[in-house]
Amino acid sequence: MIAYLKNPLTTVWAILSLITVAAWLIGRNVGTDLQPSHAVTLSVLLIAAAKAQLVIMYFMEVRSAPRWLKRVAYGWVLVLFPLLYLTNQLVN
Amino acid sequence: MSTIATAEREPVSQPTEPWYKNKKLDQLLCFWSIPVFYNLFGLVFVPLSWMMPPRAPESDLAGVVEFMQSPNLLIASTILILSVGLSAVGNAMYAIQMKRMSVSPVLRFAFIAGAMTGAIVGCLFPMFCFGLGAFREGYSPEILQMLYDFGYLSFIGCLGCFFLNWSCLALAILLDKNNILPKWLGYYTIWQSVTEIFAATVWIAHTGPFAWNGLLAFWFNMVLYVPWQFIVYYCIFQAIRKQPESELYNSGPTPRAAYA
Amino acid sequence: MNTRGQNILLWLTPVAGLLFLVAYWLFPAFAPPLSPTLSPEEVAAFFKENLTAMRGVVIFGNIIGALLVPLFALIAVQMLRVVNSSPIFAYAYIIAAGIGITAFILADFAWGIALFRPDRDPQLISLLNDMAWFFLVAPVGCVFVQNLCLAGSIYLDARPDPVFPIWVAHFNIVTGLLMLPAAFSLLYKTGPLAWDGSISFTLRFSTFIVYVAVMFLVLLKVTKQQVEQEGVAA
Amino acid sequence: MTISQVGQAPRTRADYLPGDHGMWFFIVGDLLIFGVYFLCYMVYRGQNLDVFLYSQQFLSQGIGVANTIVLLTSSLFVALATEAVREHKIRDAGRLLSLAIVLGALFPVLKMVEWIPKISAGHTPGENLFFMYYYVMTGLHLLHVLLGLCIMAFMLRNLRQAAQPDIKFIEIGAIYWHMVDVLWLVLLAVFYLMR
């Protein structure tokens, strides 16, 4: 049991959960009328990118995978999130 | 009824070679009907009827009436009638490969049943809806619009049978231990079946990306589907070519019947 | 193996034939068939006048269509005894037969729905009537492919003692070709190719009736042969 | 599957491909397909910003975040189970995997808790483009979750019944389940949280 708590994967999970809650606090809907917010969008997307990267690296074990897979999987995160952010900025 | 028992009981006749050289002649004949079918199919739905690319669900009534009464729809329907039987041959192509896989027969029989239903509701019926509008002048615009909706929705929104079919095919490929078709094709087929579900939105949306002419419900699915259709038949062709002679029913000293 | 089930199903075909004769004699609503040139009002009037007869046709048609399924299933089973490199012709035959029978039953339903409320808007009655004729006469592509598949598997049979005699293959191709022109019934409202014309109606359906009768006799012989060859208890 | 292969933990050796090429082909393709959907979402969102922002306030962020934690925890258990299998702790692996399945099964339940009041309140897919997108994407993701639950049930059966667990199969199921997790993380950000 203790061994599982000490496992690095558990640490990763704790970080993931914490930043999920952090993202919620940032993007929480308090009033009824939502105003577009550049800061919220940027930080929420950044946190999501970090989380995706962590899951891919540690849970999916891409960290120790062959280089081609690293390129593809990290590339997905590195391309998708900036594109999402840019699209959101440009189309508005 | 075991094939072995049959073989034993039969009077031992001289091993007869069939009169045709290429023992896979039946499979090859059927295979080459597929390009014929898809060319006719494309001809019917694109340049003859201009049903594809899909017209907007929210076209004005006058436009719908004009489209529904174009005489070409009848020619398209006629060609479709003449070629729809070939869809059976094309689907049997998948079924015989599924028979070679180390999977339960239920997968191919479910596929066969789905192929029957799919050909009726996803192919023959929609085209007849368009043909009916053109067959007789003087139908009221509301009736023509109903036929228009019926045609498009049953063509593009026909998801259940195809979802079933492609899922059975994907499952068979992935579970198969004989490696008849490549595993990545099985995964590609899963996307193909999932995009069928994705098209469910056409039953609700009238405009936008989820309508039957929409970017996501139609065009994106086409981008996945069209290459898939080519690739899957290419892989089946390779599978036929690679099938060892000894596996064929009509080779060997005593030909064996296929039974189910 | 026991062929009793096979025989029982095979003898459903003459039952279908008998029902057809009864229906033809009792409810002659389609002798002669409706003309495609009738206006919606005329069609609606015809339906109202011939309500009983047409309902009889619809109910009998539904049953007759279903009773033909065993014949096709039996042909498929015998096709699986034929030795080709794969069962592809048999599988294609099964799918095509399923499509063809469904089309026939859809035709039947379209009439049935029109007759259920004959005082519907004449336009709707006429639409359902058109739809019924479309599905009844036109979908010959499936029958044609069915016959071609049967013929193909017979031609390529590698058994030293073929399941079907070779003339059955020729017969299937000829009957298939005779029924094929009915596909053009969508393009004409008058003349031999219209759905009430001599080619699209008379030739197509008499060919089909002869075809079913001949195939019944062929299968009688084939199943008997199967018993002799495989030593199965009848 | 030889024993020596099972014994090697990936952390000690570089260039170990968990699962097989086929599954990675599927995962990368699925990520790309979802990526296209997300990008299209951004475009339509930008074009109808008012509608999207207005509709977004009706989403239950709380349930969304709870579901995130549920999926992340389930993923953690699957990852721990995979390690346990490699270290031949089959019994442990079975327990961890059972926990992962129970948590994973909570996801559809919470989804229903989220969806049903929304639909009864009239927020159906037909309401506007945002809700259509919302139901399609969460529905598609839910489909992935259900498929993942089936796969994990087979993984558990393999652990319980097979003499030698099929580590490649366990890995295939595990990376699939983590991918479901990744997709949900993006969904949470773009549908529930961003403005």
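To keep things simple, chains are lettered A, B, C and D as they appear, and every chain counts its residues starting from 1.
One rule holds in what follows: contacts are C-beta pairs under 8 Å (C-beta built on N, C-alpha and C of every residue); 3 or more make two chains touch, one makes a residue touch a chain.
In this text the structure is predicted, and so the values were computed from the model without any measurement.
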- Task: Mind listing the chains that sit against chain B and also against chain C?
- Result: none
- Message: Between chain A and chain C, how many steps is the shortest route if every step has to go to a touching chain?
- Response: 3
- Item | Chain with minimal offset from the mean of all protein Cα atoms | B
- Message: Centre to centre, using CA atoms, which chain is the farthest one from chain C?
- Response: A
- Query: Approximately how many whole Å separate the CA-defined centres of chain A and chain D?
  - Reply: 14
- Message: Could you work out how far the Cα centre of chain C sits from that of chain D, in whole Å?
- Response: 51
- Message: Can you compute the centre-to-centre distance for chain A and chain B, using the mean CA position of each chain? Integer Å is fine.
- Response: 41
- Express in whole angstrom the distance between the two chain centres, defined as the mean CA positions of chain B and chain D. 32
- Task: Pull out every residue in chain B that's touching 2 or more other chains.
- Result: none
- Would you pick out the residues of chain A that each touch at least 2 other chains? none
- Note on the structure: Listed in rising order, chain C residues that touch 2 or more other chains are none
- Item | Arrangement of touching chains [line / ring / star / complete / other] | line
- Query: Can you name every chain pair that touches?
  - Reply: A-D, B-C, B-D
- Note on the structure: As the complex stands, chain D meets chain A at residues 10-11, 13-18, 24, 28, 31-32, 35, 38-39, 42-43, 45-47, 49, 53-54, 56-57, 59, 61, 65, 68-69, 72-73, 75-76, 78-80, 83, 174-175, 178-179, 181-182, 185-186, 188-190, 192-195
- Message: Quick check on the complex: what are the chain D residues that touch chain B?
- Response: 20-23, 25-26, 29-30, 33, 36-37, 40, 44, 125-126, 129, 132-133, 136, 140, 143
- Considering the complex alone, what residue numbers of chain B touch chain C? 1, 5-6, 9-10, 13-14, 16-18, 20, 23-27, 29-30, 74-75, 77-78, 80-89, 91-93, 95-96, 99, 108, 112-113, 115-117, 119-120, 124-125, 128, 131-132, 135-136, 138-140, 143, 147, 248-251, 255-260
- Message: Considering only the defined contacts, which chain C positions touch chain B in the complex?
- Response: 1, 36, 39-40, 80-96, 98-99, 102-103, 106, 123-124, 126-127, 130-131, 134-135, 138-146, 149, 152-153, 156-161, 180, 183-184, 186-187, 229-231
- Message: Please output the residues of chain B touching chain D within their complex, sorted ascending.
- Response: 174, 183-184, 186-188, 190-191, 194, 197-198, 201, 204-205, 208-210, 215-216, 220, 224
